[in-house]
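Labels for the chains are A, B and C, by order of writing; each one numbers its residues from 1.
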Amino acid sequence: MLVLVVLLMTTASLSAQVVGKATKGSFLLKNATIETVTKGSVKGDLLIKDGKIADIGSGLSATGAKEIDCTGKFVYPGFIDGGTNLGLIEVSSVSLTQDAREGGDIKPFLEALTAVNPSSVAIPVTRVSGVTTVIAMPEGGLIPGKAALINLVGYSPDEMYAGFKAMRMNFPSSAARGRRDRRSEEDRKKAEEKTFKEITKLWDETKLFAKIKAAKATDASIMQEYNPTLEGMIPVVEGKLPLFIEVNRSADILSALKWIKKTGVKAVLTGVSEGWRVADSIAAAKIPVITGPVIGMPTRQSDRYDRPYANAGLMAKAGVTVAIRSNDTENVRDLPFHAGFAAAYGMGREEALKAITIVPAQIMGLEDRLGSLEVGKDANLFICDGDPLETKTQIEQVFISGWEIPMNSRHSLLYDEFLDRSPGIKN
Amino acid sequence: MMKYLFGCICSLLLLLPSGLGAQGSDEKRPPVTRTFFLNNAYVVQSPGKVIDLGSVLIRDGLIQAVGKDLKAPADAKVMKADSMYIYAGFIDGLSNLGVPKPKEDDRSNRGRGQREYNPSYERAGIQTERSVVDMLSPEDKALSEMRAIGFTAAHVVPRGGMLPGQGAVILLGGDDAGKMIVSEGSSLFAQFQGASGVYPNTDMAIMSKFRELYTQARQHKTHSESYAKNARGMSRPAQNDVLAAFGESIDGQRAIFFAVDGIKEMHRALTLSKELGFPLALAEVTMGQKAIAPLKASGASIFLTLDLPKAKAEAKKGEKEETDEEKMMLEKQRAAAQQLHEEQAAMLSKSGLAFGFSTLNAKAKDIRPNLERMIKAGLTEDQALAALTTTPAQMLGLSDIMGTVEKGKIANLVVTDQPYFAKGANIRYVFVDGMPSEYEVKKKKKKKPGDPDAKVMAAGEWNLEIDVPMEQMATPTLTITDEDGSLSGKLVSGMGTNDISNMSLEGDNLTFSYTTEGGGQTVTVSFDLTIDGDSLEGSMSAGSFGSFDVEGSREPKK
Amino acid sequence: MYKHSLMLFLLLAVSALSAQVEKGSIHIKNGTVLTVTNGILENADVVIEDGIITRIGKNLKTPSGAKTVDATGQFVMPGIIDAHSHIALDAVNEATHPITAEVRTGDVLDPLDVGIYRALAGGVTATHAMHGSANAIGGQCETIKLRYGTFNPNDLKMEGAPRTIKFALGENPMRVHGEGGGLMSRTRMGIEHVFRRGFSEAQQYLAAQEAYNKNKASDPSAVPPMYDRRLEALGDILKGDIIIHCHSYRADEILMLMNVCKDFGIKRLVFQHVNEGFKVAPELAEFGAGASVFADWWAYKFEVYYSTAYNAAILTKNGVVTSINSDSGDYIRHLFHQAGKTQRYGKLTDNEALRLITLNPAIQLGIDDRVGSLEKGKDGDVAIFNAHPLSVYAIPQMTIVDGIVRFDIKEDGNDQRLAPDPEKVDMMMLNYDEDHRCMEGTGEALFHNH
């Protein structure tokens, strides 16, 4: 097994070299159709400098900037995926390459950012599709740990970190885990109740812990034992660190909304696959939602076949703030297609595009930096030859934090090598 | 095991009316007479053929005379039958009555670790050479339960895998397995029951294995027959009882009975019969109305299940968060699905298909209500009666000796105080092989669930019988003490003694629970019982282990 | 006797298949008709009579008794065919032996699976209901038509479709019978041996049968070899009566199976998944083997770590007959979108991309004379979309099988289950991965283990 890991690490770093280096500098995108998302569609030029969008206008010029002719092309803000395991899982069936799921149930002290592998082969595969920024999420248990927003460029997690973290929580549910879940309805309900008790206890203890800690600041005689669990929960309980609450079943969503109101946490609902059933309640509670996958199965046998496609649109129509995520690892590149399906099934193209750009930025409080093409914002953007939600559209050049990204990945390199294989079968 | 058996026998004694089951420690007395006379009754000889106020004379196990103006002979016991209804005893098309469950072995754990790639016939569940007659146990309490609702004969089959063995028709009474048997080797029994962890595990493999066995059996038969004619110079056929057992089916003489779980399995059985050409009988049939044409084409004997999905009131409650509209839609779907089951018998009758009933998966207590539901869904009472008497007799090839109330037939009779299918009708006598069981009329129909106004006594020592697969827990004793209305008690079982403090009695409804350790976890065991005089019934639930039926009776005061 | 019984068996088997299936007549009017074989026809009609396409052209007359469908502004394409699916099955793996060539998924079809309806709602009209990948030689598969509404499993069978069988290479059979069983096959070497041993034993069996058939007239005491369904099935592969569809990933194992097939004279071979097919595309083309691939799945296990979403494009451009399959109750509902991905990854033309989910899978299943394109004389299996089906915004509007409308977005209600269990509450499941059934029945909890 060790050998395998070593092998994987080696190959991973090898391929990072193969993909090539990103270049930082000034870039002037000329004569493009600039889809700002927040300020409509603009015909003109866009200047990237010092990692930021330095200017948008017509007839721009900049000395020293690399000029890129974008006649007939489009420029879009980089897509943001509000929930992935990218960087944390390399090969999902090889357990030693999985860093998303730590043991234990309540783990607020875990940092997903720590385990993000900048050399993950899936990172270049993802970013060349226009997804520039993703939330990397830890998994498992009641409190899986802290998720982190990362840009898909950089040689270290710190370089990649894009300035947002949230605690994750899997909200208690009495839903069956799947066909193999043999627990009776009663037992599932009991397990749910037990978890609720644990949460109440966790909140109470954290509050007390925080109170003693505050007292300790002025009274050196107070001793407090090392307690990373409660320490980690303090910012959540105090409503300072956002809490991403994974919840899917309609009844659980309602119960989560009630709980949020009671505890006053700074909450975002994630998953929310049955949100369409209780969209009005979510809207009334004014809690934002990151939903997905959109391209997925209905949650119940009796549900209409298109519920998952329509879910985001139905929630948006009810007034919910909706961002879309892929909930994927190696195929986070499908994010624009998830948005495309949501668009087709009632959300509309404009809203769906926002759901993977400005809306997730707003949910994270980063709308001044990410999610649209505006002067002063981070230069996370890409050039393409058409509607980027459309399947056949080619993404031609991606910029992340002003870095010009090599438009290669394992997938494209294998294509280049094997399309006309040499030596061929008959040489 | 002894304890378990003892419990069974005890309960038999308790449940049984006088007449049968008069064992005990006294010397066995022969019955006073084997001649019985029933007079002034409506004799339903066969569906639609009734003698108003006629008589039936039974002697030495047979119906000796049926008609008006018969006189009671001097040696007869005259049974009170004024204005009662006499029917032919019911015949169950397929069940495990009288065939006790084998002790659980560790099969469920097999399959992991070292694989068995060439399992023996036995391990694979292929045991065609076995006969159910070697497994019969007259003490099986299911026999008396079924008899109490009017069944007097049954086609019974062994338990096991895909081909558990040969079935037999038995009478549901008598204390000697040999005397119970009416016809041996009546069938080969088959079911889509895979072997755990070995081939054939899925229905795919069962289908294939069946075809292979049948084809090999034909080959084996031909070979053996040629060899018997002229052995010289021919390789000797191997002795193979499993294949040899198919012989009569290959000759078209013995039906292969498939118990099918659902319409898909039914089609699988039809496919096999069509391909291989053996005579087919189908038991536990559901949704047959969706397969009228293939059923007709197959010529198969058909036995519909007497197990129906639980009626609505008993169905589990739905999740609560659906919108009203959605709830209504789901309920509509559920009701339609339910109707598919309830109206099967009526629809088959309408299409002209003959059928009997089978009870493999049915609980005795559900059978009469289920018949009532089928009748409500359009089955006529005569059709129902035919499916319980004449048709199964015919399909099992036993019309000469059972199925109607006619002279010369085995004296299997059901006697009721009102027409059998009428609401509130009570069974008064059931004759099996000419010997009666008598049943008291229950004073009051128990209300369900519980009667909050009933006044009952809970205190005393109760012998419980729990339908649980754990022997230690099957026959516990519950002792209840009543101190000025405050109840407490203890439950003594093979698993130890549990004190119970949270006992409550509301009307006739007794509930209590306790916790215990089981399988490395803490389990809450709760009882919900209804007391009626000196007996009780209800259920016990034990966490993830499930819920089990409970019956019990109060130990008479010493 | 032996031959006689076999003949009888075959006759009966054929008659068992010839169940009556419902067929209909429909006149689809004024759509953009994507024929796949004869280009695009604007404002054209398709007429289906008694389940068969009788005319394609402009302003056609409606046959008497035919239903009419106005397809103005809509796209009409051949019904989508999924060459790798596990919907409509009650069992997927008979995982109890490395060779189970004798079992057939056609024996365990589930016409009540609501997954059939959901596939229809994605424009699919036929699927290849495959055995799983637990065994090196799995069971025989069934090509089915999505005639949702019937309660008779046999009605799903596409009458006359050639027989196919599932083989499997690599990690899945290695895990099930190597790690799990302690017997062959723990390695890719062992898997090759399972094939060679199986085929060699089948050769012996066939030879013994032949010897018996030759001798029986002159020698009345001749006894046929004991009937063995496993060897019968392997023998049928050797005779060319069954198309092999082999679960595979790595280039080396793909080459291995082609070598084995060459040695045993087997010619009808389609590789499934075949993630590294792109590496050996010239060899696949030379052998004449088909490739049925995922659009973009990779990295869910080690043997698909070196994959590329450009696989279908490379294979297609190297002349390999390629299809895109779902292997999933989820992805089967948007195969048109999966096919579209070959335009992002490899820039296939519209028609090349459409062929991946229509004519090419039909060729791989040996049913291209019946389905896979809109042509006179072919089955009336049609999908109608509101936009070009390769667009991400396309929504299937209507799906027709044998001239019968089986999905209609305008007419259909929400709950499409045929016979739900009245005692079971329809409850929500949390697990997203339940639609992946390739390794079902092997007792393993899995991720994407296709």
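We take it that contacts are C-beta pairs under 8 Å (C-beta built on N, C-alpha and C of every residue); 3 or more make two chains touch, one makes a residue touch a chain.
From a predicted model like this one, the values you see are computed outputs, not experimental measurements.
Viewed as a contact network, the protein chains are fully connected, with every chain touching every other. Closest to the middle of the protein, by Cα centroid, lies chain C. One inter-chain figure worth recording: chain A and chain B are separated by 58 Å, centre to centre, where each centre is the mean of the chain's CA atoms. If you average the Cα atoms of chain B and of chain C, the two centres end up 43 Å apart.
Between chain A and chain C the centroid-to-centroid distance comes to 36 Å (mean Cα coordinates, whole Å).
Multi-chain contact residues of chain C, defined as those touching 2 or more other chains: 414-415, 417, 420, 425-428. For chain A, the set of residues that touch two or more other chains comprises 185, 249-250, 302. Each of residues 316, 319, 329-330, 333 in chain B touches at least two other chains. The touching residues of chain A, counted against chain B in their complex, run 182-187, 249-251, 254, 277-278, 302.
Considering their complex, residues 316, 319-323, 326, 329-330, 333, 541, 543-544, 546 of chain B touch chain A. Residues 4, 8, 11, 90-94, 121-122, 173, 175-181, 185, 248-250, 274, 293, 295-306, 327, 329-331, 333-334, 337, 340-341, 343-345, 349, 389-394, 410-412, 414-415, 418-419, 421, 424-426 of chain A touch chain C in their complex. Contact residues of chain B toward chain C in the complex are 111-115, 117, 197-205, 207-208, 211-212, 215-216, 218-219, 222-223, 226, 230, 232-235, 263-264, 267-268, 271, 274-277, 287, 290-291, 294, 309-310, 315-319, 329-330, 333-335, 337-338, 340-341. Of all residues in chain C, those touching chain A in their complex are 114, 117-118, 121, 171, 278-279, 281-283, 286, 296-302, 305-310, 313-314, 317, 329-330, 333-334, 337, 340-341, 343-347, 390-395, 414-417, 420, 425-432, 434-435, 445-449.
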